[in-house]
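Note that subunit A is present in both complexes that follow, paired respectively with subunit B and with subunit C.
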Partner chain A sequence: MARFLARRIASAFVLLLIVLSVAFFFTRLLPGSPAARSSMTSRLTPEQIEILRSSYGLDRPAVEQYFTWLGNIFFRWDWGPSFSYRQPAAQVLRQALPNTLLLGLATLIIQYALGLVLGVLTAHTAGGRVDNVLRGLSLSVFSIPSFWLATLAIFLFHERWHLLPAGGMASPGSTQVPLGERWLDLFHHLILPASVLGLLGGVMIAQYLRNNLVEVLDQDFIRTARSLGFSKKRILWHHALRNALSPLVQLLGLSLPTLLNGVLVIEVVFGWPGVGQVLFSACSARDYPLILATTAYGAILVIVGSLLSDLLQRFVDPRVRLEASP
Partner chain B sequence: MNTSLRWGLGILSLLVLMAILPPPIDPVEQVDPAASLHRPPGTLLHQLELEDGRALLVDRLVVRGRDVEILHRGQIRTLPRASITNLNPDGSTTQSRRFLLGSDRFGRDIWSRMMVGARVSLLIAILAMALASTLGTLIGVIAGTSGPRLDNLLMRGVDAAMAFPSLFLVLGLAAIFQPSTAQVILLLGCTGWMGTARLARGELLSLKDQDFVVASRSLGQRRSIIVLRHMLPNALNPLMVNATLMIGSVILAEASLSFFGLGVQAPTPSWGNMVSEGRTATHLVWWSAFFPGLAIAVTVVAFNLLAEGLRQSLDPRTQSTRSP
Partner chain C sequence: MASPLALALCLGCWDSSEPASGPIKIPSQPIAGGEIVVACASDIPGLNEIATSSSQTSTELILRMFVKLLDELPDYQDHPPTFEPRLATSYEWSEDHRTLTFHLRRDAVWSDGVPITAEDVRWTWQVQTSDQTVWENASMKEHITDVEVVDDYTARYHFTHAYPGQLVQANEGAILPKHAWGRLPLEQWRTNLPWFTDNLVVSGPFTLDSWTPQEEIVLKRNERYFEPGIPYLDRVIFRITPDPTSQLTQLRTGVIDYIRQVPAEAARQIDASPKTRLLTYWPAQFNPIIWNTKNPLFSEPSTRRALALAIDRQTIVDTLWYGFAKPAKSPVISSVWAHHKEMAPLPYDPEGARKLLAENGWTDSDGDGILDRDGERFSFELLTNIGNRERNDAAVMIQDQLKKIGVQVSPRPVEWNALDDRMSSGNFGAIIMGLGLDTSLDMSSFFKTDPEGKELNFGYYSNARVDEIFSEISTVLDIEAARPLLFELQEILQREQPHTYLWESQRLVGARSTLQGATPSSVGTYDQMRYWWIFPQD
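Moving on to the complex of A and B:
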């Protein structure tokens, strides 16, 4: 176990290093300096730009900049200054990250709850009408742009029926109310964005689980269980589901980039103050250090997430645990 | 021809028709925007050309002797008949605008803009797919047919590229480059090749030790000939299905990019930036965001159906119960 963990962490680290290096050289290889491309340049004299450049160390050779930058990240978690927020980029992201994790987690819960129920239901009635409807639905859900669904959801649930808030994480003035009400308010704000994203992912998970279940239900040990007189329900929930679950955990790791893409879009549409929102405003302000840091954070989330899902899979599936090499 | 293929091709031919036919109303020009903005689907407005060169869009007009009574911007007004230059003798106008799917906040016809948007979206998607497929196949073939060292290196590169949530990457790059439409194609093509590379590599690796490849190798064929003539054609089917699937995801990616204002720039309409513009309106003008988004969804469904149909018809062993 320890050896597996060490190897997995080492390879994640190397991957992270590659990702960071590529991202760094991508932004530095561009023509013109960040200072010259920044929005405030028009108001500065060439001398002032020169001073700015040297104060950020941009007049050094690229390789030296690269190692300074990497050193700052690894030893001090310093991602450089954000021009648009006038704060260290790491601080901007530290404020945004918990919000993104909250939205991502809520989405995952909805996705997997929906996926589990629908998946088992359709596997139970495979080939039937419910199954066919869901298969058609999953094909179209896969094709729906999330920003469009989110916009429609805001139109209906917020603007037309006034059922749910749609914007930010808290109602104005909510800092004055007691903690319990503040949590409730947060929960209210979370429902719509998490549901939109959860619905899109959930149908896909249901389809995946259904296919796995159908395959498992075809195997010998299920026939044995049936011949022993276990009820159909018990076989489905106890015997088949446990075996179909392992690929689902694997899917969790693989679907993380997709989830993060979705969270990014949803955050912007709903004004959710998370990492996606930060990236969007950094892009609009052409705030390069922050763009770089946010993109790297996205990659780190994916890498850490897939590491966790690998560990979870070893926990869920003894077959993976027993294998000599991961 | 199976059902998926038939439906996919059917919807796609309608979409292509939509893209190549000329739009009924100029998609960019704004005529009397104050009178025509945010009109619901099906609205018919008559266009009056006035002597002083202005154009009015009116809901109704009735000729009363030498005067014309019009309903313009919710008010009934009277104009002298002589001041209108495009009136027929029977009292109808020579020009009118029918907003089939409603109008946007500048009084532009949404259906016409969607037709031009179809051109933009389909063109970007197909070219970006071609670029990504070529790149991916090339890298996959190199990885799958060269030694384990280069293979390992390339695949770690693919891992690194895939660890990026692609939208973060594309959004960041788009913000840095501020791309034109051609550069959007380049951007989407250069960030979408990884899946194809993995697929191509896997296919080639599985072909590497098959008898016909071993045979041609033992006959002393050059490696490039073996790869191009014998291995690649055998890997073509899954790559084709993959390419078709990719068009759908590229359309979604382009739409997201344009939605964020970093892809196709206004006034050129694309489905993504149309949804984005429609979002700023309220639910009372739902049509301005609804129809462009629907077009995206239908198009992606069509390409997914086509891919599914291709997969079924290319692989006779496929069982429908195991389809993803």
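Moving on to the complex of A and C:
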């Protein structure tokens, strides 16, 4: 286990370095510059642009900028000042990241709960009418773009039925209400964005689980269980599901990047004050340090998530030998 | 992010959320108290306009907390705009028009009780022009040599020379608190923006109540503001709502009281509902196709004129703007005093366009339907910025219209920064763009010969008489006296078509019917917010 962990941490470090390096040079290739942002709206003089370029370090060769930036990260965990927010980029992210993590976590819970229920139900009725209808519906939902589903959800649950708020993380001006009410308010605001994303992820998990379950249910040990007289329900929940769940844990690691991407889009539609909004404005402003810090935090999240899912898999399925993993 | 599909859903199901109700009874007098929610497309970086890159939102929001010496009024229809006193009660010019003296209110104090004095005015000018703060409007102060403190309540601006726009330039930027913000060394201004929020001291009608990044900025009444009984509202909540469809939905359901941009296709419905109101004004913006005159296709004025004749602006306006725009003929829009009303607009005349192009040697020699000359086909890319529906759709309509005279156009929406980059470097054929022209009507940056492309003359237009006109205008102290020159300029621009003006469009603002006193104008969509008020709805 220790060897596995050491190897994975080392490879994660290398992977992060590659992601950071690629991201650094790609942001420099983007047209436009933070110092001369929008010649149509800015009245900066050429002399002022030079002062800004110099203060941002953009007047130095890209390779020199790269090593300075990398050194600051690895030795001081300093991501540099955000050009647009005029404060450390890490500080801007620290304000937004917990909100994104909260939305991501709620989404994960919903999508796995939904996936489990739907997956078991469709596997249980495999080939039947319920299975066909549910699979058809799942496919339809899965083919809808998230922003469109979000708009539809806002229309139905906010505008038509007045059940849920349309956006934000709290009701306007609610910072002065008691803490208990604020938590309830937060939960109220979380339902719609988390459900939209959870629904999209959930139908995918359901399909995956169904196929696994159908396969497992056809195996010898299940036939043995049947011949021993175990009930259909017991076989499904106690014998088949445990075996079918193992690949789902692996799927958790793989689905993290998709989840993160989905969260970033949904945040803009629902006005959720998370990393998505920060990244959106950072890209528009060519705020290099903030773009890079956001990218790195996202990469770290995915790498750590993937490592955790590997470890979790070890516990779910003891047959998995972590030492053998690449 | 808002897709046309999403907007269509939003509009298509409009009636379902609007129960029938009669007209709302509006009280005859303003009611003090209450709060409103205003939608903002994005968060702002900070509360110090000098230490940050400004956006329209941040500038407007900051001006609710900090006041200028004077307020510009949107009364520019028949004459240049006038100014009303704000922090200054009056001003006077020296005989040579090189010094401008402001007399300040004696009852104005900062929110911590410290009087606002001429020292603040002088210090504000110093930080505005400092190399360390790199304020993006610093160039507006380049002809001011000093701001002298005559006494506590008298500040005198000294100019290098007399020129039009002196008052506008002296008045640019809100006055800042020297005693509070002067404590942070200037070299830290651009790296420590949160410091100004932590040490906030304001002069305006509102001050900061709370700020949740990316979510909302809450302003509350500044109890020490110098106008008694003002503002009427207790609180204004600026709610960050990036998605325009979501803004519209929340306006209709009453979560949001004010949105600054209603899509044209939704405007009639907003206006028709008893629960919402549509407020409109003509922003100081013109929408041209900018022709790159360095490109051989567009180097001849008669060719550019031919293209303009072949564009049916009336059809474009009728199709895209739902009655909230009109065809344009000049960068000076028709609601501004200097607009040349007598100048007839170019007609839609495809036949005339064909003739002009033929005179310039453009013929379809190979019969493929596209004009050519010396082996070169008349084919170009028409750039627009991604996300602007009207410009993108207009590009497609222009493609169709110019095809009829044998000109091949490829519409190409481009990301904003990439578009800006191509414009600044001259790497384009033609671009549909929106450009702002403030009430000083200084168009020199758009049309004065600028071979290095440092200003806003993106199409590299050059005309000796136009340059002369700008020189002549710069010596006229009263811009109103320059009206004949401004008319002549508009005639030359119409004849030579460095830009082809497409439309003048109204800015469409949405408000709940319970919100009164809002008067958005080209001065600002939050202008006069201190006089806004709201009444409870039955």
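To be clear about the criterion, the second predicted complex is superposed on the first by the 306 of 326 C-alpha atoms of A that agree within 3 Å, B and C clash if a C-alpha of one lies under 4 Å from a C-alpha of the other, contacts with A are read in each partner's own complex, and residues count from 1 in each chain.
Methods note: a contact is a pair of C-beta atoms (placed from the backbone, for glycine too) under 8 Å apart; a residue touches a chain by one contact, two chains touch by 3 or more.
Since this is a predicted model, take the numbers as computed values, not measurements.
*Asks:* Look at where subunit B and subunit C land on subunit A after superposing the complexes, then choose clash or fit.
*Replies:* clash
*Asks:* Check whether A:152 is in contact with subunit B, with subunit C, with both or with neither, and answer first, second, both or neither.
*Replies:* In the superposed model, A:152 contacts both subunit B and subunit C.
*Asks:* Between subunit B (first) and subunit C (second), which, if any, makes contact with A:51: first, second, both or neither?
*Replies:* It touches subunit C, and subunit B stays clear.
*Asks:* By the touch definition at the top of the document, which applies to A:191: first (subunit B), second (subunit C), both, or neither?
*Replies:* Neither subunit B nor subunit C is touched by A:191.
*Asks:* Of the partners subunit B and subunit C, which touch A:312 in the superposed model: first, second, both, neither?
*Replies:* Neither subunit B nor subunit C is touched by A:312.
*Asks:* Given the touch rule stated above, what does A:269 touch, subunit B (first), subunit C (second), both, or neither?
*Replies:* Both partners, subunit B and subunit C.
*Asks:* After the superposition on A, what does A:211 contact: first (subunit B), second (subunit C), both or neither?
*Replies:* In the superposed model, A:211 contacts subunit B only, not subunit C.
*Asks:* By the touch definition at the top of the document, which applies to A:130: first (subunit B), second (subunit C), both, or neither?
*Replies:* A:130: touches no partner chain.
*Asks:* Given the touch rule stated above, what does A:280 touch, subunit B (first), subunit C (second), both, or neither?
*Replies:* So A:280 meets both subunit B and subunit C here.
*Asks:* With both complexes overlaid on chain A, does A:160 touch subunit B (first), subunit C (second), both or neither?
*Replies:* So A:160 meets both subunit B and subunit C here.
*Asks:* Among 152-160, 242-250, 278-286 or 296-304, indicate the stretch of subunit B whose C-alpha atoms run into subunit C.
*Replies:* 278-286
*Asks:* On subunit A, what residues does subunit B touch that subunit C touches as well?
*Replies:* 30, 147-148, 151-152, 154-155, 159-160, 265, 268-269, 280, 284, 286
*Asks:* For the complex, which residues does subunit C have touching subunit A?
*Replies:* That would be residues 1, 3, 5-6, 9-10, 13, 16-17, 35, 37, 42-43, 45-46, 51-53, 131, 134, 136-140, 190-194, 210, 212-216, 218, 235, 237, 239-243, 245-246, 249-250, 252-253, 255-256, 415-418, 420-424, 433, 435, 454, 456 of subunit C.
*Asks:* With touch defined as at the start, can you tell me which subunit B residues reach subunit A in the complex?
*Replies:* 156-157, 159-160, 162-169, 171-177, 248, 252, 255-256, 259-262, 272, 275-276, 278-279, 282-283, 286, 289-290, 293-294, 296-301, 304-305, 308, 321-324
*Asks:* So in the complex, the part of subunit A that touches subunit C is made up of which residues?
*Replies:* 30-32, 36-40, 42-46, 48, 51-52, 55, 81, 84-87, 91-92, 95-96, 99, 147-148, 151-152, 154-155, 158-160, 162, 165-170, 172-173, 175-176, 265, 268-271, 273-274, 277-278, 280-281, 284-286
*Asks:* Residues of subunit A touching subunit B in their complex?
*Replies:* Its residues touching subunit B are 14-15, 18-19, 22, 26-27, 30, 126-127, 139-140, 142-145, 147-149, 151-152, 154-156, 159-160, 207-208, 211, 214-215, 256-258, 260-261, 264-265, 268-269, 279-280, 282-284, 286, 288, 291-292, 294-295, 298-299, 301-303.
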